[in-house]
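Presented sequentially are two complexes of chain A, the first with chain B as partner and the second with chain C.
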Partner chain A sequence: MFVWSIQHAWLIALLPFVAFALIGLFSHKWPKISAYLSIAAIFVSFLMATIIAGGTFLAGEAINYEVAVKWINMPGLQVDMGILIDGLTAVMLVVVTLVALLVQIYSLGYMDKDPGFASYYAYQSIFAGSMLGLVLANNFGQIFVFWELVGLASYLLIGFWFGRNSAREAAKKAFITNRVGDFGFLLGILFLQIIFGTLNFTGLAGEISSYANTGLLIVISLLLLAGPIGKSAQFPLHVWLPDAMEGPTPVSALIHAATMVAAGVYLIARALFIFSATPEAMIVIALVGGFTALFAATIAIVQNDIKRILAYSTLSQLGYMVMAMGIGAMTAGIFHLMTHAFFKALLFLGAGAVIYALQDEQDIWKMGNLNKSMPITTWTFVIGALALSGIPPLSGFWSKDEILLGAFAGGYTGLYILGTLVAFITAFYMFRLIFVAFFGKNQGGVKAVEPPKTMTLPLIILAFMAIVAGFVGSPLANYRFADLVTYAGAVHYDPSLLVMVVSSLVAIAGICLAWLIYQKQAISAEEIKGKFSGLYKLLYNKYYIDELYHWLIKVFVDGTAKVLFWIDIYIVNGFINGLASLAGSMGRLLSYTGNGQVQTYALYMFAGIIIILAAILFGGLAILL
Partner chain B sequence: MISFEHYLLLSTIIFGIGLYGILARKNAVAVLMSLELMLNAVNINFIAINKFVITGGVTGQLFAIFVIVVAAAEVAVGLALIISIFRQKKSVNLNDFNLLKW
Partner chain C sequence: MANFPILSITLFTPVIAAIVIMLIPRKNEQPIRLVAAFATLVSLILSVVVFFGYDQGLGGLQFIERIIWTPDLGVTYALGVDGISIPMLLLTALIGFSAVFASWQIKDRVKEFFVLLLILLTGVMGTFLTTDLFIFFLFYEVVVIPIYLMVIMWGSSKRVTKEYAGMKLTIYLLIGSAFLLIGIIMLFIQSYLANGTPTMDIFALAQIGFSTTFQVIVFALMAFGFGTLLSMFPFHAWSPDGYAGAPTAVSMIHAGVLKKIGGYGLIRIGIYLLPAGAQIIAPIIAVLAIGNIIYAAFICLSQKDLKYIVGYSSVSHMGYVLIGVAALNLISINGAIIMMFAHGVMSALFFALIGNLYEKSHTRNIDELGGLAHQMPKLATGLMIAGLASLGLPGLVNFVGEFTIFIGAFGTYKVLTILAVSGIIFTAVYILRTLGSVLFGPRREEWDHLQDLKGVEMIPLLVLGGVIILGGILPFGLIDLINSGVGSLIAQIGTIQIGGIF
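This part shows the complex of A and B:
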């Protein structure tokens, strides 16, 4: 079974695409059939992925299976299509298929009465399929193709409720922001192709060392990095992710956990052999990640929309992962990616259940008392939040700890302190959300009820995963995860009790602070808000980044457009118009000869004959020829 | 003795008069008459050349007959056209006939 699954791993990515095609071509008139088709496809993919990852994990031996077929073959350019399965791929396959599967099951309930039910599932399928193709790819060219497909699918799903203006705008924003990053990414890929003549990971890994520490490789690294910065929503291209909340909530769960933003982190991990050859690029990655982690966490403190809080939380956690890549702790980063996928999907689906129960209410201040009316949702949500905050022994604790350990033991003290601070803020804003939304007083009038089983079942499964997923990489399992998901350039440190204790303590401190302010109300939130009103406004408006971009676009893009408009109107248009009026005036001049008088024409005729005769008589026939 | 040159001179004079009439007269009928003059100048040339240059045979005469026939047909058509235009324009002055332009 294991060997068969590995040899047919291309099926994992192909099946969702088949489902997409079948729904699009045949079954879109029958929503339920479409949904089951899509779920069946992803379920088979999930089984195969589980067999691959489970087999690898139990065997405890790193696998490395690569197979490729020629795609483009001509002198000087060879492009292959192939699959590469190693520990990293295996982990990603399980994460993506499991989260996608649960999200699709959940959507059965959430999207129940939506008129676009069938196309929703078609998009879900292509989304999952693209991501799986990306993960399986064995070269940069193929990754780029699926990378763009992921972007397309996210565009379709974010703008799924395209009747709403905000959804359309958000979809466009996501797509265009990603374009900025992808442009750099594509340039980086082209550089690789031109310099090394191959895009294959294994082939590149062999040749990259001779270019280590050259300026050229730094440029390539930074260009490649632009892709993940856009896709994984790192500062300064993070602006699209919070707006992507306009899509249906299960889509947010998918985007945030498995299929979209994970692609960027995965790519950094996959291309780490390039980045790690240039310390400068690694520092840039670490700083971008660290900054994003803190930056987004601070914004999350003051947001009031339940999905927005989670969105900024995702940004912050992605920053963590990228930071881990930058300090060389690639295994820890991927570990965190995996655990984060489970608990963030859980949190989003839980938020979706709340929004569903409260009929599209998203403001946490209008919720409350949900722990009594929706116990399953509440307690799974709390588990997710505890995991995210890093409370032992939940999954988030182990993975976050690995990252902090990497920073601590690797000598990046500044980043370690920053990471610990972010852990504190994370615990604080998550429990602010929980105490206000779930345990607060019910300020809205809507009576909440537990959503249907199709929605609670994924919550329970994900809650289970959020608890146990961390053990695979913990000391309890002898760091088996780290042995499997690793390659040269990644580092591993011995566990440090100090780091563990400190990170747990700050998380608990954050929770306690949230409890004091929002549950016990021993400290008035309003008072703090009043005291730091400037800071509050800055955070609430997300550091005015959107406004800044708006202004920049207005000045530069519109300015350029104005200049080009002027050139178009006065130079290009003027030239063409001048040409036309020249021809016109010539014609008017010549039209005097065609006055309609037969005698004038006869005169021309005879004059012409005389000229011809004169030419023949005095110049010979040659003059005519 | 009337020589070949005399015939050519005569035909040239008649041709010139006809050309003048075509280009300068404003009466459409007069223009048509001038056209006949030119045709007949050509006829004189045909016959003179047949007599003096390629002696023997009747090719020149034959062509002269042809030209007369065509001229007769042409006059018929031309007069019909003039009558037709006259019905429209109430005029035979060529300056009023400016239809031949775009």
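This part shows the complex of A and C:
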């Protein structure tokens, strides 16, 4: 079964595409059939992924299987469609298929009665297929193709409720912001192809190790990095992700929290052989990630929309992962990617259950008292929040600890302190959310009830994963995860009790502070807000970065467009029209020669004959040719 | 089968149908449409047969037909296709077939419309099928007259009047062709002086080693002539106005294939006959190409009329073709031809759908439209496919062209290619803004009366949309064919370096 699954791993990505085609061509009139087709496809993919990952986990040695077919092929350029299976792929396959499967099941309840139910599942299938194609890719060309296709799925699903102006704008913003990143990414790929003549990961790894021009390598690394900065919403291209919350909540859980936004982190891991060749590039990665982690966490403190809090939290955690890559803790970064996928998907789906129960209410201050009416949702949500805060022995604890350990033991003291600070802030804003929304006084009029089983079952499964998924990378499993997901030149540090204790303590401190302010109300939130009103406004308005971008686009892009249009109409076109009128006046000038007088014409004829005779006499016939 | 004149039949079926239509009384509009549809279907089927029947292993010119026409001038009715011309033939046939159905609703002078349309199609196809410069030029001139008449008779006046648009289109085409004619005559005379026998045959002309100075002069003339046809910056002004004024079918054919004669000619005649001239002039073309890509993309951002947006967008996309041609290597030229095919299909789909929408809503202003995905989901799907293809989404055929061009051009022009790649951002901006404001947003009651695509209106969407998707998923079918043609062209020139500076 294991060998068969690996050899047919292309099916994992293909099946969802088949489901998409079937829905689009045949079953779109029958919503339920469309949904079951999509779920069936992802379920088979999930089984195969589990077999592959399970087999890899149990196998004694590292798996490395690669096969490909030619897709674009001409002398000097070859782009394949292939699969590359190693520990990293295996982990990603399970994460993606499991979360996608659970989200699709959950959506049966959440999207019930939506008029676009069938299209929703069609888009979900495009997403799943593309994401899996991206994960399986064995070369940069293929990864770029699927990279853009997950972007398409994201665009379609953010704008799923296209009747809302806000959804339309958010979808557009997401696509265009990502395009800016992909511009750099594509240039990086062009450089790789021109210099090394291949886009295959294995082939490139061999070439790069012996490539001496480090300056160019830094340029290439930074260009490639632009892709992950867009896709994983790192500063300064982070602006699209919070707006992407306009999409249905299960979409936010799957695409904008667990999987697609993690593709950037995955790409850095996959291409680490390029980045790690130059320490300069690694530092940039670490700084971008670290900065985003802190920056986004501070914004999350003051947001009031439950999905936006989670969105900024996602930004922050992605920053954590990117930072891990930059400090060379690739294993820890991917480990955190995995645990984060489970607990963040859980948190989003929990938020979705609340929004569903409260009829589209998203303001945490209008919620409250949900622990009584929605116990399953509440307690699974709390588990997710504890995991995210890094409370032992939940999954987030193990993975976050690995990253902090990497920073601490690797000598990145500044980043270690930053990471610890972010851990504190994370615990604080998560429990602010929980105490206000779930345990606060009931503010709204709507009576909440627990959602149907299709929605609670995924919550329970994800809560289970949020608890146990960390063990694979813990001392309890002898760090088996680290043996699977690693790269040449990786350093493994012995666990540090100090790091563990400190990170747990700051998380607990964050929770306690949130409890004091929002539950016990021993400290007045209003008073703090009043004291730091400038800072509060800055954070609440997300550092005014959106405003800045809007202004830049309006002035520079649209301004240039207007100026160039004016130039086109009056100068370029005017020049051509000028030529035309010049020709016209020449014509009028020449028209004087055709004055209708026979004598004049006779004179011209005579002159012409003289010239021709002269030409024949003196120049020979050749001149006429 | 060997002697079956498949190319002549493909070529002249539309003209025969035009004659048949002339014999049909003008009241019988449905039979007229059906004859036109049948003729274009025959051409399409035969083109597909040629596409799959061409033996890539053998390579070279195939399905050859030769009839000596004017021996004194060396003119031969010579037809033949290879990996460069087959995609263009197929493109013409696809768009011709779709254009008939996009014109199904024409009410005014149906008979004349389809007669002119069919003659136009034969003219365009002829330029791609012949290997004789004289015949090439002849077919090219055949195109001009129907275009002019169709624009002024069935066109629409918005920013400019249709008469102005038609005249502008025609004059630009004629000025371009005047330069071509000078170039062709110079080639003819020079070869006559060198060989003593008159010939207009491309392959015979290629055997003559023209001096570099001569090549530069003639290539410059050709680049100007073909460049104007391809709407090379700054000679692009005809394109947006012309497309906006033209009726749907003319916009489809003009943006879809007629323009591509420019790119095709640059490669087939310019580079092939005058490689040394090409090498010297190419950097200028590459710089102008960036003008096309960036300048036109920005102008798209300021446009409100859907046809102007697609018109300027097509100017922008031709920049990719131009830089691909100018980079003068196998990969970039392969890319340029894929791009021509891809852009042709995509822009024809765009114009077909915009025409359909305009017919029903009587506006093309994006501010007046909005939320149309509520009332017209099929039209919305079609516009999305065309739009996403236009912004180079992988999985659709345009991406393959762009990607290949970028790789090829990057080896020759570093900075210019980086600028060209930045076009993917601006294209995404104007395409998504346009689609967003036309298709999405709240439902508008004033458009509730609009009917979604149905019946024959679906045909352009199914045919062209299908090709866009198929070509994007299975690009190798197209690439292998094109590569066989370009490969042999490059091999014959021999002097052009493949690869880059690194």
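Basically, the second predicted complex is superposed on the first by the 568 of 625 C-alpha atoms of A that agree within 3 Å, B and C clash if a C-alpha of one lies under 4 Å from a C-alpha of the other, contacts with A are read in each partner's own complex, and residues count from 1 in each chain.
Here is the rule we use: a residue touches a chain if its C-beta (ideal position, glycine included) is under 8 Å from a C-beta of that chain, and two chains touch if they have at least 3 such contacts.
No experiment lies behind these values; they were computed from the predicted model shown.
In the overlay built on the shared chain, the residue A:602 is in contact with chain B alone; chain C does not reach it. When the shared chain is aligned, chain C comes close enough to touch A:186, but chain B does not. Of the two partner chains, neither chain B nor chain C is touched by A:26.
When the two complexes are overlaid, the chain among chain B and chain C that reaches more residues of chain A is C. Of the two partner chains, chain C is the only one touched by A:159; chain B is not. In the superposition on chain A, A:594 makes contact with chain B only, while chain C stays out of contact range. Judged by the touch definition given at the top, the superposed model places A:365 against neither chain B nor chain C. After overlaying the two complexes on the shared chain, residue contacts for A:551 are found with neither chain B nor chain C.
Of the two partner chains placed by superposition, A:570 touches none, neither chain B nor chain C. Put simply, chain A touches chain C in their complex at residues 70-77, 79, 141, 144-146, 148-149, 152, 159, 162-165, 167-169, 171-172, 175-176, 179-180, 182-183, 186-187, 190-191, 193-195, 557-558, 560-562, 564-565, 568, 572-573, 575-576, 580, 625. Within the complex formed with chain A, the chain B residues making contact are 19, 22-24, 31, 94-95, 97-102.
Residue ranges of chain A in contact with chain B, taken from their complex: 591, 594-599, 601-603, 606. For chain C in complex with chain A, the residues that touch the partner chain are 171, 189, 192-193, 234-237, 295, 298-303, 329-331, 334, 371, 373-374, 388, 391, 393-395, 399-400, 403-404, 406-408, 410-411, 417-418, 421-422, 424-426, 428-429, 432-433, 436, 439-443, 475-476, 479-480, 483, 487, 498-500, 502.
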